[in-house]
Structures are given as structure tokens and as C-alpha cells.
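Below are two complexes that have subunit A in common, paired first with subunit B and then with subunit C.
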Partner chain A sequence: MPAKPILRLRGVRKIFGRFTALHGIDLDIEEGEFFTIVGPSGSGKSTIIRLLVGMDEVTSGEIWLRDKRIDQTPANLRPTCMVFQSLALFPHMSVGQNIEFPLKLRKIEPAKRKARALELLKLLHLPEHYYDKRVTECSGGERQRIALARALAFDPEILFFDEPLSALDYRLRKSLEKELKSLHARTGKTFVYITHSLEEAMVMSDRIAIMKTGRFEQISDADEIYSKPVSRFVAEFMGEVNLFDVTATAGRIEGAGLSAAQGAATRPMADKIAATRGATLMIRPEYVQFLQDGENADFEVTGTLQGIYALGSRIHYEIRTESGQILTVEKLREDRHDGREGDTVRLGWNADSAHVIEEPAFEEQMA
Partner chain B sequence: METSRTTRIVLMIYGIGIIAFLYLPLVSVAFASVSKARYLTFPIRRYTTGWFADALASKEVHMLAMTSLKIAMIVTILSMIIGFFGALAFARYQWRYRSLFQKLVLLPIFFPQTVLGLALLMWFNSIGIIPSWKTAIVAHLVWIAPIATLIVAIRAYSFDPALEEAARDMGASTPVILREITLPLLMPGIVAAGLFSFLLSWGNFPLSLFTTGADSTLPEWLYAKMVSGYSPLVPTLGILSVIGSFLLIIVAFAGLAIYRALRPQK
Partner chain C sequence: MRRLDSKLGALSSLPMLAVLALAFIAPLGLVAIFSIMPEKVFSIFNMPNFAAFKTMADQGYYKSLLWSLFMAFAATTILFVICWPLAYGMAKVFKRFALVVTIAVVMSLFVSENIRLFGWVLTLMKGGLFEGYLRHWTGIGFNSPLYNVGIIIFGIVYVYLPFMLFPLAQGISMVPDDARQAARDLGATRWQVLTQIDLPLAAPGIMVGYLLTFVLAAGAMAEAKILGGRAVIVIADDIQTAFTYGQNWSLGAALSMVLIVLIGALAIYGIAKIDLDKIMGRG
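This part shows the complex of A and B:
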């Protein structure tokens, strides 16, 4: 029996003029969870977070924090705090004054404020003498930590993050992702994070919600979202993917350029495909094998190798199938395929690494 | 890029030319104020500081300076207040008629001041107000407050709205946000606006001419004396007025430097 959710959204809608940004969202976030909302720009993720912290008002629906309904509570009276995309550090204050600002508002005496600020500097691995430093003199990563310290200062119930890492360079972002995850573990607080970067979400989160045009497409852990997406949108949003429009009759799976073995391995998949109006077969690039002569797999495709791209530790191969579709195959450098552009190759994968998305192909949806 | 010798010489001549064009008139006034002769002729035969002593001792000059100062001080304070709130409305808040407001607020800057002065005089007369130094304040404000608003607005435009949102999110109420975040961040703009307001009011002639009634400001008096009854007191007072403005600017910069130096601690 899981604990009672700390944050509950019930039928939350937000309409701006004629534009509906959120279509009746329901969501439960558990105490102590690292929950990430991912979506492309315009998907409504920023709208959600602005409603949650109280910077915008819901059009209808309810937001509950534990047993208190908070959707009508102004932002300054909610016991939550947000780390802004721009960080919003006050440039006219020192690092210490920034961190103490929420404490000063709560009329905490100066000595206690300072002690708390120093404690937070330590928690975020910042040197103590930064207390008197001007925030404008700090580096990007340091400013990030100061913003975190300030957000944690008054011990908020939930910490919200609005893409705080998006302005940083790649290396710094990677290290801060890990640091955020460890901070989450050390503080035990509930983190609600929004980002357009799936990689960021996957590294840090307990659960991920994928958003599209004001609705959640899928809410699950990183593994499930990656390997069992509910829609083509989620599959494609979660990195490189190969998709085939497939049909099935009498245990036989058919798709353009695809040859599927018939038997126990593919039977459940075929039944599932047969039961839907339209289905997509999904296979991630790292599960596709280059088949040697005489080697066989549940699913096979023949095509021409038309591109080889080295991505550091991994190598991407682009293969044009006989039906004209482009497939991506990914191999670790040590497992590289010795082939040349223009070679004819046979690719294959087994049923257990593939996944069926029960959704008609894009063209059919349009029709 | 390497600057060639010719370019450097041309730039030098150009620079000196500009400086001369800007400051030569002022320098000649300065000479006139220290010349013993009644009318300025070069070369100056005998120098004197007598006119300065006369000016500083004169009751009339005190009165003039006080009137100018009163007007300029009040215009400065009001312009800073109007500029602050105006700039918030101008730059920080989205509202329906904002774009119209932005245009209308700036319009008075483009009126010829003499026309504006005349219009204000007629308006004061028609509503039965007798012009005095107090009406001059209103006249100056019509022209100067928009400039002050513009100066503060430039600062307000560079202001990240997330700062106020963040303060609210951490628990600050609207008055606290205004006091702790908005005001300190706009302060450099407000101070600059105040400085400009003071200088523009202190040196203003066309608006004062129409709207001071029986009172007289320094520029008005200088003009009147030029037209009839010139004495070397005119350039002397002119120079004193310029020195006053310079002092104000120096004090302002010193103040800003001290403020910056003290800011990190509290």
C-alpha cells in the first residue's frame, strides 16, 4: 500500500483565451518522489508548473497538497518553492542574502539565518566564504547551486524545477544532473521537475510523465517508457527508434520489407496486432543485429548500408530497406560491424526485444 | 585592426574639433565673467574675480537661485516618483492599452517647448490659476516626467520578471517585493532619471518663460539681462550655474560609487 500522495491534481484545466493549454489533468505525486514532466515546447508542461506554484490560476479543477486544497492559494502562501529556468537570483544581493531571503521573510533572526545559509552552502558543496560573494561573480554551476540552496532554505514541502539546467553547457549539465539526483536522495524531498530533455529525465527521475498538447501520453518509470511506449509519439520522443506499420492474419505478421517468423515466439505479438485496428512494431536501434549468413532471427529485414556515423562510444548505421524505409542500428564501438557503405546487409531481432504499439499509423490517423 | 597614421591624425583633429565646438562657447563665457571690462574683448587686459563676489553677495541672485532650485528640486522628486510607477506600467506589466500609453507618454517630449509653454499658460489662465513658480513646476513636469519615465523604463526592460515571481514564490507579499526587489533593482535608473530631471529643470528657459508669472528663474533672468541691461554679472551667473550642475553630477557619481562599494554588506 503506497503512502498517500503528497500532491494530487484532479481535472485541472487551463484555458488561455481560445487556447486550451491543459485538458483536465489528473495526477498523483508520491511523497519523496522525483517526478519529471517531459514534453516538447508548447505541450503544457510549463503551464502545469505555473499552476502548481501558484503563478497562474486554474480554469477549473483542483490541486491538493496533502489534505489541503491549494489551487486558490496565492503563490506566496504555498509551502512550495521553485527553481526558475533563469534561476532568478537577486543580482543586488550577496550569495548569503539570496539564500537567507526566504528566511528573512519568515522573520527568522539573523544568527539562525546565517547558520542555515552556511549549512546549505555545505550541503551544496560551496565554500563557506561564498556567503559574502556577489552572485554576479559566480559561475553558471555555482549559481545553480545557490538557487538550489535558496529554494531549500525554508524547507518547502515540494521543490519544483522549471528546466533549470537548460542554459548550461553539456558537461556541466551532466554533472549537475547527478548532483541533483544525489541531493534528492540526501534531502528526501519531493522533487517535481520539468524539462524538454528526455535524457535529463531518464537520469534523475523515479517516474516520468510524457506530455503532448495539454495531455499526458504516458506516466511510468524510465525503463517502461523507453521499452514499452504507448504511442508512436512517446517512442519517437524517447530517442532513436525504428517503427514498422504492421498487420497480422492467422498468426502471420506482415509489414513492408519485413519478414517475420511464424511460431511460438511471435504468436502472442501476432494475436495482439490482429486484435487492434492498426499497430506499429517498434525496435530500438541497439537491439537490431547484423545477421551473418545462415543466422536467423524472429524478424528480418534486408537493405543497403548507406551511412556510418561514429558517435564516440557508439556507432550509428543507417540502412535503407528494400521498401525504402531508413532503419537505424546502434552498436558499441567494440561490437562494431565491419562493413562499407553500399553493402547489402541482413538485419534481424527477436520478438522479446520488440514492442507493439497499438495505435494506427500516422497516415491512417489523418484519414 | 591596425589604425594607420593618417586615420589617427584625422581622428585626433575630428575629436579636438568636436570638443572645441562643444566647449568653446562655455570657455568664452568663462572669460567674460573674469574680465574687468564691461564688454568682452580679446585679449583680456585685466582680470578680476569681482563679478563673482558681486554675484554671491547679491540678494537678487539669491532669490533667483532659490526659485530655480525650488522648482528643480520638486520637479526632480516628482519625476522620480512618476518615472518609477510610469516605467512599471510602461515596461513591466502587460495591459490592454499599454502600447497606446507608451506612445502618449512620450509625446510631450516632441512638442516644441515654446508651444508647450504657451499652451500651458493659456490653460492656466482659462482655469483661473495665476502663474507663479508653482505653475512652472507643472509645466516642467509635463516635459520632464516623460523623459524620467523613459530612463527608468530602459532599466525596467532589462529586468527579469522571474525575480519578482521568485520572491513571491518564496513568500513575499506585493509591498515586500516592491521594497526588496523592484525598487533596489530600478534604483540606478531612478537616480539617473532624477539627475536628468534636475538638470533639465535647472537649465530650462522656454517653459519657465511662459509659466513662472511674476517669479523668475536663473535662465529667465539671464535672458532678460541679455536683452536689456547687460553686465558681466550675466556670464558670471551663467558660469556659476554651470558649476552648480557639474557639482551635482560629481556628487551623484560619488554617491553611486559609495553605494556600490557598500552594497555587498548590510
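This part shows the complex of A and C:
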């Protein structure tokens, strides 16, 4: 980790009446990082950002910006700024007036303000003549860029984003995701982004935090969160996944419908499983192979092919195993499996593409 | 189909148009015609002249007009200042308690204006509720605050409060919370949020409140008569006198026309000034 973190949260708790939205959160965000907090609605991610920008007060805990404690500082005195989900552009002002708003508050002279606004319009690929346009006449994507320009005009230490892309259509969202990432690289600012879309998080972020009911489940880079989730929740949140409840005794891994080879490849995994009260074996759909006759893998499952769905570049298969579990398999179009619905198929994968989640099965957690 | 719809629309508006023409346009026309009749006639079939307007100018009726406009302006401005915080509370803070405030304010309208004003007279007059008891208990009396310009303005403020309060609350509720929060986040102080976000975005409500109260206050008479004891004569009082004791319909009509034209011009100017659609973000 480089230098000192720009933002530190220590034991931050937020309680609304009887409801605890955040249970004592600790978090370090590095200077210049693109950090994304992901979680389903109600997970507390919006609460965090409201505390960080100063729209709500912490119940207890500390927020530090570099060497300054800011949790008691009112929003207008914090050197941070946020792009709202609704964008919150000022409808009674022109594009230029919107962008210049923070500069006008600092009593910067009009000529300098305008120069900066035009610079920002250019940075965000908006034409100069938009300066005099009314914000209400701009399209969704343009408004997005105006909100960004306004936030950048503020020149914040940290730029917060509260799901700013969620209201846009798919294609525009995709292109703005990439633009945001490149903007982050060009400005070198620290971005803290909130979203419920993992895809969005994966495309843009240096690090991702997964939230669940007011706590962080896992904080790591996209790759690690995808391939080595710490819990079933994270695994399932990160897209399609196949999960098996497994146990292990004397180097032998057992799970319903699952036959596992015994040997050097699966041994470390078996030991790991044996050491837990319960464990889950995870395999992503793209790692599952259709086995030909005579072909073998570390883990094998037999089942009936019950659904084939074309997803464009990929094909999605659903297989019902002998124990009644539904498995999903995904193949690139060029690697497609020539089978029909109703066929009996053998599926397999090797130990190095599987991952063990050290967490008891759901029923045991409840007990 | 659409043509049929529009025809039916025009047809179904006929009864209302007839009522408006008979009850609103016709009397107005009659007043306009009477204003250019010779004085002290009671028929509109005379040779028109501008004698009534001349009388108006010669006999200093402009004074009561100016008093009316001044007091209406003062009362409206006071109303704006005192209603803003309350309206803000009703629109953004009180939540369910806002209903209680609404009911309390509306209830005051259930009692006739004159009765409420006489209530204030009994309260404030010498030997009334305040002064009487104070003198009875302490022996110290004070002069009645009644019968001056200040108390008339107070009366107007008191009577027309709902007409400022509700449009203001409506205007304030149109200001999006996130615009306010964003301004704050971008470094605005509370005062800057008020002047640069709240006031411009609530402008339609402010304008409606101002117009309503100003128009009503400029034509108000009971406050000046009952609380003010005719300390000053207001234009509406002059109009009434001209039509009744004065038996000078032409003068009354001329005074009315001046008031109507002034207020009408102001209202049209105000309404033209605010582009509702633009402010509502419908460009």
C-alpha cells in the first residue's frame, strides 16, 4: 500500500431509531484510488456516502481526511463533493452557471470562472456553445457530464458518486463507465463510487468493497472478489455461480451428486474443508467442461441438459444433476456443446478453477 | 375524432362561458361605461365625458389610492417575511404536523373577517381585554394602539396570511431537496442556499402569494374602517362612498377603473415575468 490513506473511517456507526444502518465500519481509501462500494439496496452503502459528504451525522466513530477529522464538519466546509444519483443540477441555471456555481461561491472573478467552465466542458467532451444552454434542454448523458464538470470545478479532494449512471440506458451507461475510468486516470483524483451493479464496479474500480446489512463482506480487487469470494453472498452477488455444500473426511471430498477424485490435486482443498464446520465449493459457469467419453476431471457431476439459451457471444446451459440441483454452464459460441435438451451429460472441472468458501451452509448458520 | 373532441370541448364550456360573460365581463363593462358618463347620472345613455376623472384628480382621491397601495405593499412584504419560515416548515420539516397548521390557518377563514376584526378591537381598545385587565391589576394603563396606519397594516397582515402562506408552501415544496443538498455540498452557506436555490426555485409560489395578497390588500376596506377607525381613507372606501352616500356612480366607476387597471397591469406583469414551465424544468 502506498503512502498514507487519504480517507480513514474508524468504527463508524449509524443508527436510525431502532435500525442500525452501519455497524462500526473501518475503511482506508488510498490517494488517487478508484474505490467502489457495492451492495444491494438497504445494505448501507448510501448511508456511508451521506456520512462522508456530511449530509448525515455519524452516531459514533471517526472520519479522517488526511490529518483532519471531518465527521463533525458541515457539508459546505468539507473539501469533498458528490455527484448525485439524480445529478441535482440547478434547473434555473444555464450549463455554464451550473458548472461555475462552486467557483462563484468562492468569489472567483467572472472571466476566470468562464475560462475554467469552458475548460471543463472540453474535458468532458461537450461543445463550447453548451455554456449558454439551459440544463433542462440537455440529454441524459449530457446532464451526466455537466454534473461531473460541476463537481470537478469544485476541485474536491475526493469525488463521491452515488449511483449516477443508474437512470441511463444500457449503452450510454457502458460508454460513460469507460469515460469515467479514463477521467479518473486523467485527473488523478480519488474517486469513491457507490453502485448496486457489480458489472459497473468491475469495469471501473481499483478496489471494490462488497456490503451486506451494514458491514463490509469483502474488500479487494475485482479479480479476487470474482474468483475468491469469502462468502456465498459475495459469490452469488458477483454473477452466476454453482455452489455445492461439501464435507471432507480423510482427504475425500463429498457433496450431493458430486464425485471428487482423491489425490494430490484435491488434497489441500480436502484439508481446508475438513478444518471448517461447513464449507461450500464454488465453480463459475465458464470453468465447467462438458466431458467426452473417457475424459476425466478432479470433480465430476452427471445430469440432464434441460435448457440451452443463446446470449449472443456466449451460450448458457442449464443442467439438472442427479441430486436435483441446477447447474449453469457457460461456453463461448465457438466452444459450444452440441447437445440437445434431455441429453444426459457429464460435467467436470479441475481443482485449480474451483474455490472453497469457508462458511457453513445456510441451514447451519441459522441453527 | 380529435375534431369532434375539440368541438365537444368547446360546447361543454358554453355554460361556464355564459356565466363568466354575464357575471364577470358584463358588470366590468358597465363600470367602464359609467366611468365616462357625466357625474350624478344613473343611466348609461348619456353623452360620454371625463368629468368623473377630472373630479378624481381635483379632489385628491389619488391620496387614498396611494395609501391603499402603500399599505398593501407594506403588508405583503411583512407577510412574505413572516410566512417564509412557516411555509418552509410546512413544506419540508413538519411532515404530518403540517396538516395541523393548515387546519388551524384555514379555521380562521371560517369566521367572518368583520367579526375577527371586531375581536381585535375589543382586545386592543382602551379598557379592552389587554389594557383593561392590566389597569385593573396594576393600575398602569396605556393608550390604545388602535386607529392608526400601523394597526391597519397589522389587520391586513392578519386577515390575508393564508393567501401568502399556502402559495409559498407550494412554491417551497417545488424546490428539489437534492438541489439544496448539492448546493450545500458544493460549498454554499445556508444564506447562499436560500438566495441562490430556494428563492429562485420557489419563485412561482412567491409570485402567486405576492399577487394574491397584494390584489386583495389593495382593495381591502374593513381593516381601515374597523381597526383604523378611518385614520386614513382607503380607495375601496372612497368607491363605496361614491356609489352610496355620494350618489355619484360615475365617480365611483372612475375610481374603480383606475384601481382595476393598476392592479390588472401589475398582475399581468407579474404573471408574464414568471415562466412557470421554465422554472418547473419543462424548458
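Please note the rule applied: the second predicted complex is superposed on the first by the 366 of 367 C-alpha atoms of A that agree within 3 Å, B and C clash if a C-alpha of one lies under 4 Å from a C-alpha of the other, contacts with A are read in each partner's own complex, and residues count from 1 in each chain.
By definition in this document, a contact is a pair of C-beta atoms (placed from the backbone, for glycine too) under 8 Å apart; a residue touches a chain by one contact, two chains touch by 3 or more.
Everything numeric in this text was worked out from a predicted model, so none of it was measured.
Trainee: For the overlay on subunit A, clash or fit between subunit B and subunit C?
Mentor: Overlaying the two structures gives a clash between subunit B and subunit C.
Trainee: Have a look at where A:55 lands relative to subunit B and subunit C in the superposition and call it first, second, both or neither.
Mentor: both
Trainee: When the two structures are overlaid on chain A, which partner does A:136 contact: first (subunit B), second (subunit C), both, or neither?
Mentor: second
Trainee: Classify the contacts of A:171 with the two partner chains as first (subunit B alone), second (subunit C alone), both, or neither.
Mentor: It touches nothing on subunit B or subunit C.
Trainee: With both complexes superposed on chain A, which partner does A:90 reach: first (subunit B), second (subunit C), both or neither?
Mentor: Touch partners of A:90: subunit B and subunit C.
Trainee: Under the stated touch criterion, which partner chain does A:340 make contact with: subunit B (first), subunit C (second), both, or neither?
Mentor: neither
Trainee: Who does A:186 touch here: subunit B (first), subunit C (second), both, or neither?
Mentor: A:186 contacts neither subunit B nor subunit C.
Trainee: For A:107, is the partner it touches subunit B (first), subunit C (second), both, or none of the two (neither)?
Mentor: neither
Trainee: Does any part of subunit A touch subunit B in one structure and subunit C in the other, and if so which residues?
Mentor: 53-55, 74-77, 81-82, 84, 86, 88, 90-92, 101-102, 105-106, 134, 150, 154
Trainee: Which of the residues in subunit A end up touching subunit C in this complex?
Mentor: Residues of subunit A touching subunit C: 53-55, 74-77, 81-82, 84, 86, 88-92, 101-102, 105-106, 134, 136-137, 150-151, 154.
Trainee: Of all residues in subunit C, which touch subunit A in the complex?
Mentor: Result: residues 176, 178-179, 181-189, 192, 196-197, 200-201, 278-283 of subunit C touch subunit A.
Trainee: Please output the residues of subunit A touching subunit B within their complex, sorted ascending.
Mentor: Contact set of subunit A toward subunit B: 53-55, 74-78, 80-82, 84-86, 88, 90-92, 94, 97, 101-102, 105-106, 132, 134, 150, 154.
Trainee: Give the list of subunit B residues in touch with subunit A in this complex.
Mentor: Within the complex, subunit B touches subunit A at residues 160, 162-163, 165-173, 176, 180-181, 184-185, 263-266.
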